[in-house]
Amino acid sequence: MSLTMAEKQAEQIRQISGSDPYKCMKCGKCSASCPSFNEMDIKPHQFVSYVVNDNIEALAESKSLWKCLGCFACVERCPRDVQPGRVVDAARQLVERQRGGDHLHAEDIPALLDDDVPQQLLVSAFRRYRR
Amino acid sequence: MQRIGVFVCHCGTNIAATVDVKKVVELVRFEPGVVHAEDYPYMCSEVGQQKIAEAIKEKQLTGVVVCSCSPRMHEATFRNCAEKAGLNPYMVEVANIREHCSWIHKDMEEATKKAVILARAAIAKVNLNTPLQAGESPVVKRALVIGGGIAGIQTAIDIAEAGYKVDIVEKTPSIGGRMSQLDKTFPTLDCSSCILTPKMVEVSTHPNITIHTYSEVDKVSGFVGNFTVDIKKKARSVDLDKCTGCGVCQQKCPMKKVPNEFNRELNTRSAIYTPFAQAVPNVPVIDREHCLMFKTGKCGVCSKVCQAGAVDYEQQDEIITEKYGAIVVATGFDIIKLDKYDEYAYSQSPDVITSLELERIMNAAGPTNGHLERMSDHKPPKNMVFIQCVGSRCADHRGKSYCSKICCMYTAKHAMLIRDKYPDVNVTVFYIDVRTPGKNFDEFYRRAVEQYHVNYIKGQVGKVAPQPDGSLLVQGVDLIDNKQIVMNADMVVLAAAIEPNPDIRKIATMLTASIDTNNFLTEAHAKLRPVESPTAGIFLSGVTQGPKDIPETVSQAGAAAVKVIGLLAKDKLKTNPCTAKCDVMMCNGCSTCANVCPYGAITYEDQEVRGPGVREVRRVAQVNVALCQGCGACTGACPSGAMDLQGFSNRQLISEVDAICR
Amino acid sequence: MPMTENGEFRPLIVAFCCNWCSYAGADLAGSSRLSYPADVKIIRVPCSGRVNPMFILRAFERGADGVIICGCHPGDCHYTSGNYFARRRMTLLFSMLDYIGVENGRTRVEWVSAAEGAKFSATMNEFVEKIKSLGENVRLGDLRCKD
Amino acid sequence: MQGLIDRLSALLSDGTVARVLGWKKGDMPYNPEPHMFETAESLKDFVYDGFCGANLSKMMIEASKLEGKTAVCLKPCDSYSFNQLIREHRVDRENAYIIGVGCRGKLDIDKARANGIKGIEEVSGTELDGPDSVSFKTIYGDKEMSYSDLLLGRCHVCKGKEHMIYDELWGESKDTADSERFDEVKALEAMSPAERFEFFKKELSKCIRCNACRNVCPACSCRKCAFDNNNFDSQQKANVDSFEEKMFHIIRAFHVAGRCTDCGECSRVCPEGIPLHLFNRKFIKDIDELYGEFQAGKDPEAQSPLTDYTFEDCEPGIVAERSNG
């Protein structure tokens, strides 16, 4: 059985994030916790159903990917261990990898900084990807 | 050589759809000892059992193998059937070709092959079975109920009404349990103590009921029909017989700063106290941890003011030993600790409370005399937010995986009562699902919405932040509108998950009753034996078995009582004949087996042993069959193999291994 | 070597399950239709403490490729302590088998409660895979100069 | 040795004991055998020298059923076995008068043979207070070997010179340990499973099932051995390929696990020279490592690790973890 592109991407997201979207009980606590909720077009609790429905294309194009601060409030508070923050993070990685580079040198970063990227996201990323 | 009959059940299509039963019948015919084999759609049915009985008689069967569902399901059925047909019931073995075969395999050839092997193992075992006779043990006509909440009270009353003696052991100074802390009850909104107090009085005055409050079960030994229990009666420091319950001691006690457990520590009590006004017995206890007399040796006020001379600082803990035929566990629940839910600011603000605290606040005998007010500044709230499923339905490390079942209903009750009494208070409920299965339950919830205009929002709260002005900022989500909501509240009420009483692990261990990963006691069968523990003689009442509301608890309490009555009504019980047995010719008398026996069933005695070329007095093991429960730990420990287990003997098990590995 | 038509190795696995927890867990796996390979054959014992090391060696000697013992979780033994004794006995026996060069994956102890049908099935699937990876058990069968 | 004989005679004469369990001269100078001496006169054949390796504790099972006390000579390591038998109610302490005899290690005649000393007619220098070298008179002339080079394997891991139980002591003992007790086991553990398997297969293939190990073992003292009863279907000796043939030594080691004092008699008596103690010592090592140090026979009150447990005990999975990790 061969997977469609969309299914493959969804599977990739599941693997990168380590998250099982089927565990979601649609309580909305992620969205309730999210400090960037109002900036987002796809809301945190919706990320999960996009993965369940293999709709990664839409997720990749959404503004939300770049609005998530990576504060992990949703990861901490998710009662079902679905951890939407990690799903967003994985989607972000997927998009970045498709653009080519998956690796940056520290000295290259300042030049690449986009004014729109929230600072906290950078700090959060450093925190997670050091080593 | 045995004459074995093999009976293969189709179980409708449950077995026959995956296992070729005809083929099984054909193949087992050639097994050693088999003289008869047949199949039938439902072996457990009247007709099926008739077939077994007929074959036993016509073919003079000495052994029976039924290939059917799990022996845990129908072994007793088939053994009874054999016994009625004149065959020793222990000459029947069941090959489990449903749960362990047809239900888990899809390939017919493979499943059939496995079914034949399982049948072969059972046939090999039956070839070595010997008729066993069940012994008898007397039944002590007295029951013990652990826990004096509504579950324990109801069970005790029902058993007592049937004419049997019942003892209740309650850890706290009074019976009454959680229900005594509640203000009103859903869905009828009647006052909790108004319906509970008469029951408490009934139980305390019933001639067949003895109540041990401020007491704990310390040790349990024995078995169904004949348990011996040590009950530790903690020193109350007040003589139960002398005290008149006048309450002067509590008024005069100089130590009034003790957190009041009954009011969920929202206010304080004196060191000598009764938990609440309607307490049974209405006799205070001295909390020795806080009493000045016990801490400093200087005080003695209560003793001085007591007209009856009931205060006794010298009183000691006392252990009483009683015998019981049955034990009911009704240890109830508590709510979970909320220290892992910091986002709701429970530990930061006194105005974030649990629902059980709200019950006390709304109760006329509670810390605010029934006035709805904030615990921080005692002002009436304007906006109240209720948050559901705090710690329930959690897959993470913080909470419980189950639904606590009662929260949806009591939250609707709270919301309704508040809107009724304080119509200017806005009430918002954040919910994931509203679960209202139960008679008049959904109607009750709809009334909260339709009649009382309680604002139910589908969604959760992410954060509660105390503000400098004393209000609480609540950030939640409305999933229907797909909007984040940020609102101000004066009080936030958390529907915290319930969990079994933390003492239950210790108690279950003493009773050797199985317990699940959530600390609820396991039933003997989830559907068909819901009030019995798998451990014979142990029964379950109330939330100790799983989350339930009051009406469910009361019906289950009654059901447990019926099971107890059914047991106590018997004069004698048949004992399990599958006990250990020592071959004195082989026994070394080394005591290894006695060291591993959990029941103290093995003793040693000098006995004259006679056999081929042997006639001497030897120290050999003796098994007390009334105590032996048939675990077989001794058989594995015995170096010589002298100790064997009847019904699961070494030879039988080895022959099963051989049959499977053939 | 026992094979199916397509040349796949089908191991022979004996599972000893205690009556109170693991056998019931296996029943629950059945009633929940949680499948595991037919290679696993279950023998009911009252308690994991009933399993004599002789039974395990016997199974191996008669051609079993793997033996698994399932009992109540520590602390939950229906007979209070049987699984604790089983735990020590099996630890020492398994260590001895490993010592004489028998692959240690061929023996296993797992605590499965009556409520853990899913765990029972998962454990058996995993164990069968493990035994398949180890292949046929030759070592215990001919420990003493069969050839 | 004469002092010991005199003391034993006195015990017999004054009626303290009814008999003496000791060693008697054998047909060769290096094979004294256990013997029950009933009279003072018979003690003229009593011998106690470097070849008295035999552990006499097991014989006390039968002796303690006899009328009157039996004097028994126990070396320090034998006293562990005796204690263990007390714990298992197999011997009657009251019926035993224990002479704790000194020991400076016992000798293995095969070590001399391996060293080319054959055709032995006489041996001297093996007594307790003897010299550091042993002299052999052989048909090929006189030979000499140092006492320590002749020691039994077990004496190189001596448990110590203290007697665990005795009524009186005779002679000085010496701790002869000069290597680590578990070195041999560790060396095996360091091999690959395939190498270990080959090692044990080679060793066990030598077994002729003579039952010498079982007959000499003080822990293997069952009235009727599990291998001789048909409950396990393990008794058919005729079948070369039968269950017991293959599993005998593993099962035997398991049956004595937690009870074996590591006296080493099994390896000493094996006519095929199978290092049977390697099974027992593996169990002892595992028990020490997993459940805390335990020496069977040291304390007759101590609970055997196999009839004991703690909630926190390791899981059987530890075997794979240790082995693979």
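To keep things simple, chains are lettered A, B, C and D as they appear, and every chain counts its residues starting from 1.
Throughout what follows, a contact is a pair of C-beta atoms (placed from the backbone, for glycine too) under 8 Å apart; a residue touches a chain by one contact, two chains touch by 3 or more.
No experiment lies behind these values; they were computed from the predicted model shown.
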Most distant chain from subunit D, judged by the mean position of its C-alpha atoms: A
Selected pair, greater C-beta contact count between A-B and C-D: C-D
Chain centre separation (subunit C, subunit D; CA means) in Å: 36
Averaged-CA centre spacing for the pair subunit B and subunit A, given as whole angstrom: 44
Subunit B and subunit D: spacing of chain centres that average the CA atoms, whole Å: 54
Whole-Å separation of chain centres (CA-atom averages), subunit B against subunit C: 30
Residues of subunit C touching at least two other chains: 52-54, 58, 75, 81, 85, 89
Sequence positions of subunit B contacting 2 or more other chains: 596, 637, 650, 654, 658
Per-residue overlap in subunit D, given as positions that touch at least 2 other chains: 226, 232, 306-308
Arrangement of touching chains [line / ring / star / complete / other]: other
Interface residues, subunit B side, partner subunit A - complex: 343, 389, 393-396, 398-399, 430, 432, 458-463, 475-477, 479, 482, 484
Subunit C contact footprint on subunit B (complex, rising order): 70-73, 96, 98-101, 103-107, 110-111, 113-114, 117-118, 121, 505, 509, 512, 514-517, 522, 534-535, 578, 596, 598, 629-633, 635-637, 645, 648, 650, 653-654, 656-658, 660-662
Complex contacts: residues of subunit C adjacent to subunit D: 52-54, 57-58, 61, 74-75, 81, 84-85, 87-105, 107-109, 139-146
In the complex, subunit D residues that touch subunit B: 65, 88-90, 221-226, 229-233, 255-256, 259, 303-304, 306-308
Residues of subunit A that touch subunit B when the two form their complex: 23, 25-34, 37-38, 43, 45, 73-74, 76-81
